[in-house]
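Here the structure is laid out as structure tokens; the discussion comes afterwards.
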Amino acid sequence: MSNLPSTMKSIQDQLAADFEYLDDWEERYAYLMDLGKDVQGLPLEEKTTDNLIKGCQSRVWLTTRCENNRMWMSADSEAFIAKGIIALLIKVFNGQTPADILNETFDLPDRIGLTAHLSPGRANGLAGMLARIRHDASLALATPNNN
Amino acid sequence: MNQSEPTECKAPQEPDWKAIRMEFPALHQQVNDSPLVYFDHAATAQKPRKVIDAMTRYYELDNANVHRGVHHLSQRATRAYEEARMKTVRFIGAENPSEVIFTSGTTASINLVAQSWGSAHLKAGDEVLVTGLEHHANLVPWQMICTRTGAHLKIVPVNDLGEVSTESVAQMLHSKTRIFAFSWISNALGTINPAHEWVRLAHEKGITTLIDAAQVVAHHPIDVHGLGVDFLCFSAHKMMGPTGVGVLYGKKSILETLEPMVGGGDMIDEVTYEKSTWAELPYRLEAGTPNIAGVIGLSAAIDFLESIGWSYIERRESELLQYALLKLGSIPQIRFIGQPNNRAGVISFVVDGVHPYDLGTLLDEQGIALRTGHHCAQPLMRHFGISGTCRVSLALYNTFEEIDQLEKALIRALRLMGKVQAQ
Amino acid sequence: MNQSEPTECKAPQEPDWKAIRMEFPALHQQVNDSPLVYFDHAATAQKPRKVIDAMTRYYELDNANVHRGVHHLSQRATRAYEEARMKTVRFIGAENPSEVIFTSGTTASINLVAQSWGSAHLKAGDEVLVTGLEHHANLVPWQMICTRTGAHLKIVPVNDLGEVSTESVAQMLHSKTRIFAFSWISNALGTINPAHEWVRLAHEKGITTLIDAAQVVAHHPIDVHGLGVDFLCFSAHKMMGPTGVGVLYGKKSILETLEPMVGGGDMIDEVTYEKSTWAELPYRLEAGTPNIAGVIGLSAAIDFLESIGWSYIERRESELLQYALLKLGSIPQIRFIGQPNNRAGVISFVVDGVHPYDLGTLLDEQGIALRTGHHCAQPLMRHFGISGTCRVSLALYNTFEEIDQLEKALIRALRLMGKVQAQ
Amino acid sequence: MSNLPSTMKSIQDQLAADFEYLDDWEERYAYLMDLGKDVQGLPLEEKTTDNLIKGCQSRVWLTTRCENNRMWMSADSEAFIAKGIIALLIKVFNGQTPADILNETFDLPDRIGLTAHLSPGRANGLAGMLARIRHDASLALATPNNN
């Protein structure tokens, strides 16, 4: 399908492999939070209620845009771990087509032992972030000039 | 082997109910030196081992408050709770988890709709339509909201068979009717109403519909999508699940318009002293710590019912019903109250000159548990000119032998009261 | 032996909590390869074997619907249900069974009062007084009824220690105040309010009082008679009982004036299509099939707490609290939120520059379950200029070693986030 | 204390002994219902809401009067068993003083295996009947010209 950038599957594989090198939960969280530090974040004027993801205990704001049939997202959070998860999402989804994003199973958290973050209910926002990304991707798909 | 040898054809059925019956601990006890015969399912069903164990396991391992917790127990409890919701969604053919609200029971579900939907949609002169068959739970809440709003409560009459005719329903659904709330199956007489048709009739006239499905859940499959109904209510305890849990199903588009009636934790989005905003569905209508263990028990009850399968449940209960009607019908003193053509596993009867309470007591002395009284349907009793009935209500694990025992016990009780000649 | 040898004096105490702890199955598990340390009691308590067994036994043997049933199971279930009510009456020092209404939880209890008492007694211009410490369950219901009636919600301010001064209360209780509803113990900060004094102050001015005792029941004895309070609410699940059950205590003379808000079975006396009349207390306020198993679990929880005894519970929890304050206080990064002089076993804290969610997650990885977030007290969090805290809440079966583990785990988490120098 | 009629204790003992002669539940219930047949009942005009005992599944009406410090009760019911229980109550309580009635433990149902009828809840009215009798006895005690 898409050839550049790498497929989401291979990015997830790569990240999972990176995490596997790490010995214990401390190293994994340290690495995750390190990834988070590289996340650009959002300017204050984009931290709006509209961009707020419902269901995060730490507030997470997320915006996406679609250019030439490629999705790009920016996000920010108050919490280190949430920012780390944002980093993973960006690595996997940024630059992918809306169609591919809608087809992708994002199982990375499971594979690196972060399952708890994906559970239903409202303690965390990963489910909410994913829902927002998918929602925006389907909007983009329905908007002709993006395709 | 040819077809004329029925034992072979029936063989796979027999072990079924025996194995099923074994799963219910409460069924295997003596009452007054006789084996318990439980015929009070319309009041509440017995619980299979798996339902009891699911709750025990929850308390032993996962117990924690749901939502918002970051720790593992809370995540596990939350997952189990939300998976139960998804299972319920599937079980009743709903579309998404926003449509299933966990309540404390049918009564709470109906009251929630009467209060919340009612305050928003009823005004003086409007009509609320129910049938003459209703349980007080689908009558009193409507009376209350009618009193508050000035709307009128209208009753579709019951005929002498204990049926409500679709013509009467059609006639009484008119431009002033705002909601038609009816029980799918009457807990007092067993009458099965043509729910699909009634919902269709009401919707043709733009009238909102609510089904009290309390007596349906353990006995027949429910498909809210196929029904097209706006609200549907039931209790876990009547479907082999625990006490203290029920479900309110509502179409998402309608639930979204409901103002919460109960405020507190979990149902809010943002609280300031001046003003609060509400969370999304379904949380908006579930204030406070829910009955987590109960919901997990409900989930296990769904698994249990589905593991048996509706076709078996319906076939067996119908066979038991036919046999019970035959046996009870053979006792001349017995007068059935309600003879609906379409009947679930519920039989109400009286013996003229004998108070149901006496009969119930003398049956209990013989280990037989059935219900006597007005069955929370006083107006219906008044319609039949009686204060109450004896009611036999069946479940798939009842046996033909138990029905024989009932017959014998009835005759013995009647003899004791001088209503049958000693033989 | 002289007094300087404390081991001897303490000896009879040690085996106690170990034996007690053994009765809680959920405490003996590994979470993330570490033994579970459960510090989330303000959210919900773990359940002793006896509570779980009481419910299992009910489902295995006595399960039936209560009231009006003549058969043995129903009589047994009814007796157990009503004995639980009598036990609750005694447990909280009430006078008779009409004063104890079983609800689905604290939230339901407070909403019942806000709606039923509120509709009858509040009008435009009246004031409802709560404190700045309230859980949303004792705030949002009052907001709702104020919106409906035009009454005003007033808040007694919280000081920087997380306390509400009795002077402020006295000032704000005035001729327009109709009800003063306050939490005896704050779930977010642990502040213990002087409930006796506040009730007395309100009653001197003829103002009705409601106590939210959700955080009190498992930790301190309650004597509604001694308090003289008009309403008092709590949940079973916070006192080692099951989910889905709570209590509304009300003085009989006041409960008698409450119009039921929920209609259905069991709460009626006589129903006709035109009009219904209500049963006597307590049934009038308990519509529908109650959470029978839950009430039986509550009863077992009362037995359990009483078998331990309040003096032991209070002493041990206070010792644990002092030790936890000492240990957490020794970590310089930790800033306590709320430093009330009179504190129950609840400690809220933040680490500046670290989101509570991160801290909670990294503690969970080490087996430690505490709660992070706003604790259903958003306005209180706003008062302290924070979005949430980490909250440790204790029970008598927690241990000093668990507090040591918490300290170590906290330091490890802080180190991981670069907030402590690696040693 | 009171010597004529016999004490309530001895009447209960006697009735309990009568029931003990009977072999099984059928004989006991037959006997109970037979006792009920002798109950005079109440004229229609006394079957009022005021005289109705709350909490009986079968309706029970009960009236009492006090003369020369002795209580007399009349009652009626739609059900045979309830009428039998009324017969027991009348045998035990009729002609006793209000003070003695208030002091008496009525444990007969327990002793003859009718415990279920005493259970709390609202399926039956024995508890309600007893409560009414005791209530009326304390009223009588408080009314000077009866003592």
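Per-chain residue numbering starts at 1, and chain names A, B, C and D are given in the order in which the chains are listed.
Rule of thumb we're sticking to: contacts are C-beta pairs under 8 Å (C-beta built on N, C-alpha and C of every residue); 3 or more make two chains touch, one makes a residue touch a chain.
Just so it is clear, the model here is predicted, and its values are computed rather than measured.
Where touching is counted per the definition, the chains common to chain B and chain D are C.
Taking each chain's centre as the mean of its C-alpha atoms, the one that lies farthest from the centre of chain C is D. Chain centres here are Cα averages; for chain A and chain C they lie 39 Å apart. Averaging C-alpha coordinates per chain places the centre of chain C 45 Å away from that of chain D. Averaging Cα coordinates per chain places chain A and chain D 77 Å apart. Residue positions 32, 68-70, 72, 74, 357, 361, 364, 372-373 of chain C each touch two or more of the other chains. Multi-chain contact residues, meaning those touching two or more other chains, occur in chain A at positions 57, 116, 124. Taken together, the chain A residues at the contact with chain B in this complex read 54, 57, 116, 119-124. Taken together, the chain B residues at the contact with chain A in this complex read 66-70, 72, 74-75, 78-79, 81-83, 280, 283.
Considering their complex, residues 25-26, 29, 31-32, 36, 38, 40, 43-44, 46-47, 51-52, 55-56, 59-65, 68-74, 104-108, 110-111, 114-115, 135-137, 139-141, 143-144, 153, 155, 235, 237, 242-245, 261-268, 270-273, 275-276, 287-294, 357, 360-361, 363-364, 368-373, 376, 378-379, 382 of chain C touch chain B. Of all the residues in chain A, the ones that touch chain C in their complex are 25-26, 29-30, 33, 57-59, 78-82, 116, 124. Every residue of chain B that touches chain D in the complex is listed here, in rising order: 32, 354-358, 361-362, 364-365, 372-373, 387-388, 412, 416-417.
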